[in-house]
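Every chain is named by a letter (A, B, C and D) in the order it is written, and numbering of its residues begins at 1.
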Amino acid sequence: MHGAATSSELGVYAYAATQVKKAMEATHYLGGENFVFWGGREGYQSLLNTDMERELNHLARFFEAAVAYKKKIGFNGTLLIEPKPQEPTKHQYDWDAATTSNFLRKYGLIGEFKLNIECNHATLSGHSCHHELETARISGLLGNIDANTGDPQVGWDTDQFLVDIQEATMIMLSVVRNGGIAPGGFNFDAKLRRESTDVEDLFIAHIIGMDTMARGLKNVAKLVEDGALAELVRKRYQSFDTEIGAQIEAGKADFDFLEKKVKEWGEPKVASAKQVNPNKLIFHI
Amino acid sequence: MHGAATSSELGVYAYAATQVKKAMEATHYLGGENFVFWGGREGYQSLLNTDMERELNHLARFFEAAVAYKKKIGFNGTLLIEPKPQEPTKHQYDWDAATTSNFLRKYGLIGEFKLNIECNHATLSGHSCHHELETARISGLLGNIDANTGDPQVGWDTDQFLVDIQEATMIMLSVVRNGGIAPGGFNFDAKLRRESTDVEDLFIAHIIGMDTMARGLKNVAKLVEDGALAELVRKRYQSFDTEIGAQIEAGKADFDFLEKKVKEWGEPKVASAKQVNPNKLIFHI
Amino acid sequence: MHGAATSSELGVYAYAATQVKKAMEATHYLGGENFVFWGGREGYQSLLNTDMERELNHLARFFEAAVAYKKKIGFNGTLLIEPKPQEPTKHQYDWDAATTSNFLRKYGLIGEFKLNIECNHATLSGHSCHHELETARISGLLGNIDANTGDPQVGWDTDQFLVDIQEATMIMLSVVRNGGIAPGGFNFDAKLRRESTDVEDLFIAHIIGMDTMARGLKNVAKLVEDGALAELVRKRYQSFDTEIGAQIEAGKADFDFLEKKVKEWGEPKVASAKQVNPNKLIFHI
Amino acid sequence: MHGAATSSELGVYAYAATQVKKAMEATHYLGGENFVFWGGREGYQSLLNTDMERELNHLARFFEAAVAYKKKIGFNGTLLIEPKPQEPTKHQYDWDAATTSNFLRKYGLIGEFKLNIECNHATLSGHSCHHELETARISGLLGNIDANTGDPQVGWDTDQFLVDIQEATMIMLSVVRNGGIAPGGFNFDAKLRRESTDVEDLFIAHIIGMDTMARGLKNVAKLVEDGALAELVRKRYQSFDTEIGAQIEAGKADFDFLEKKVKEWGEPKVASAKQVNPNKLIFHI
């Protein structure tokens, strides 16, 4: 009701620790390779009755204890945190990939956890799924994907099966750039929908979900072979693939040096970003 | 058009560096105490044509060079970053306080910058202003406040003068908890509104804005003297103000220890959060 | 699961009709003065599997039958529809006040129903509560108010007690302009919140809710006596309180006539809307 | 600044009338077949300084005068209103298709106007484009389509070219169900984007936009020939394709009759809506 590791009650913190302990033991016993922390109520309903700093400190202590226990029992699986911004809470501490990364960095836990990105949670936090995947990826934190989607015009989690091949293509683009996500993978949050109730519906939904991801992967194969998308991006940044670009990227271009260059060059010209072209590549495969 | 420090064009990067250099020199010459980076176009319109990792690396190099230049010229003012999630870009890299903190931590810049929180940007990123202020405060990053507000039902920045005394009270609560925000302070983004055009309007708006903040501060004085809000929060967490609570908070309570305690205690009881009570304190002053 | 009057199943339609029949009989027997239709699942999850036109036709038939039954049993209470945009459905047919009015007008039911406005539903549909109340009022449809509020940054119904005196002032402004709302009134959707669980909480919440509305009414009394808000609005439109204004408002000013006038007058001047002034009146009472 | 037909200034109303008069004359002279009213500033920034009822009355007088002038000069083209919810105003009176229909019905203008639906405006008002098209269609109001799209995670109008074939398929589904939309059609709001600036970009964008709509139309042809989508919907409602269904739909089934039937039948059974199946048909063409 008030969270587990961030509960205002010490008894709840201890109880949650015991539950995680047992679940981790079972995962280890069964040969599990991933262990996801879904902090669905680690947050607040009202900031006015909440000591956010203290709650976040408790959460850090909890994760430190989980890491210590993992090492103690010899469990080598990946620990994952699943960002989710809200619902049922007003604010959940694992709001999005960047917020969760910030938490991990602040408390020195960055090497111990990866992220489990869910597309429906991504859109609820105001980001595209692709954004959340890339944000995780470029920090080396992309560990697993919940392949559910939601309705961007609906403000709660609907956990629908993903059927949009274009969205699947963008997801797979991040996965391929990441060199795969093993030992993580994809999983469907397969709950019965209130209005779609035949057993058959669940079968069909799984088949379509898998088929959609597969077609996304095939599309990425085409995009990679074709090379047009990568070439378009390479060209946009080619001014940095130069000697001065290398200096800047190595942190060796100070403001005095850059001012001297600007005096030589005058006002910069800026090329068109050709915004519709990459969309064409993704949507018209 | 594609950002400054995160532009795809090296020439723009260099030009922006020169502009910041000049602005910093002027600030120093004039005895300025704060220097705000408003990254209003540091972001992307389409992730498909964007190398987000490379752009963020460039942004870090840019800030490093700014810090180096600050030290070189002996400018001792505070460097601040102003989070803003979007508009005109689809995604801006300084999305919110947590995202900006993550960036600063990742690139080792956390000690060199503070945050300039704007209430209108807070609501655009899906957070209350109070949340953003507290998020900055508990990481020691609260440096300045843009005291503008927006309409939570409008998806762009309107920069209205803040007239809501309750909102001002919550803002001042963070300021007082922070021990003030000097050398930072409050500033109004005072732009002419398209439909409110008399010179007199700007005067009245400034007066009301200042008056609102002053009344917020007076309310906080009452809240602090009265003590009811602090007492309500203290009570919620009192189970941690114990010997075992101290052990947990010191990182000395491992999962084995906690499991032993749970076996002693049984299922925890959880007290009501009394959600309406703190609201009454704030709204019915 | 698929709605009641708009269900795809005839059996559900008939069952719902029988339930409404019984509820109306009980209301009549008990001397009830209002009868609210809360169409919480009259809508669709997916437009692709939905015949929206046929479902809306069924809804109209259902309401016609309800009106006929009301007359048959001699029940003289007000029939009300409560607009709500979504949750749990993707789209609910009684989306907001204007959408519901459109439905009533299309099917010739406009004289038979009034609206029950809930502030939390108003904000979910992208409108302020004041907007929904005024939209209902100016069409003579304001019949009852559910005095619950929600969080504008949360995309689902939270049904919180309203504690904000300024919001209550704006609500009461509409009520007073409406000449009261009898035989309707205010009601609280008083549900237990998951995290605020003491019996005492419900008492306090009711007291605060009533107190807030009462203070709103007192504020409106001051605003009416003071006259500054009404005067500010009157002045904005005073160019229409003229002979030509009367002609336009009577539908007697055609395009030829207006063109002639424009040739006389030249380009119009436009006065400032003085946007912060009415806010000051409401927020600084 | 405060709107045209809904301006608080009579002089602006008259000036706008003269502009519309001239534009209508030019349209007539050039053989135009459609005349769109884009009420981009007909709304309010603050309801507190606004007499919404009076402004809406003025808007009705303005449209009546436009209809009268159309008849006077013998212009036989379609008059269209383009719904748009907000930006730059907080609230625009032509919020969405249902709100605009309500206005037309209230003022007896329903036979004189059709709607021009823009997909980007649809999503800004919290609806899918398909929803807005269907809402217009089933009231006989679908007259023209602005084939622009936006980003559902962005709260302002971006007027991007539509490249998503699945969305185009749903748009064309409404067009085909409508029996076409002549004399209206499709138009692109072709503005230069700030970051996509080559002349070539505009060409490519138009080509992709047209190609996308064409592929949408081809997909609808397949869907119609295949018949699976129509069959899926037909089956959902087949309980109404019966004698009693016909009675209900003819308004001949009162509550007494339905109660008798329920007593015969008992509790109704409800079939699954098979939600993923129609999505599969649209997304996996």
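We take it that a residue touches a chain if its C-beta (ideal position, glycine included) is under 8 Å from a C-beta of that chain, and two chains touch if they have at least 3 such contacts.
Keep in mind that what you see is a predicted model, and the values were worked out from it rather than measured.
The chains that touch both subunit A and subunit D are B, C. In this assembly, the C-alpha centroid of subunit B lies 40 Å from the C-alpha centroid of subunit D. With centres taken as mean Cα positions, subunit B sits 23 Å from subunit A. Computed centre separation for the pair subunit B/subunit C is 36 angstrom, with centres defined by C-alpha atoms.
Of all residues in subunit A, those touching 2 or more other chains are 1-2, 45, 126-128, 153, 193, 195, 197, 273-275, 277, 279, listed in ascending order. Chain contacts in this assembly form a complete graph, since each chain touches every other chain. Residue ranges on subunit D touching subunit C, taken from their complex, read 1-2, 7-15, 17-18, 20-21, 45-54, 56-58, 61, 64-66, 68-69, 85, 91, 95-96, 98-99, 101-103, 105-106, 125-128, 130-131, 134-135, 138-139, 170, 229, 232-233, 236-237, 239-240, 242, 244-245, 248-249, 251, 253-256, 258-259, 261-262, 265, 267-271, 273-275, 277-279, 281-282. For subunit B in complex with subunit C, the residues that touch the partner chain are 123, 126-128, 152-153, 160-161, 163-166, 193, 195-198, 201, 204-205, 208, 211-212, 215, 272-277, 279-280, 283-284. Remark: subunit D residues 1-2, 45, 86-88, 90, 124, 151, 153-156, 193-195, 197 touch subunit B in the complex.
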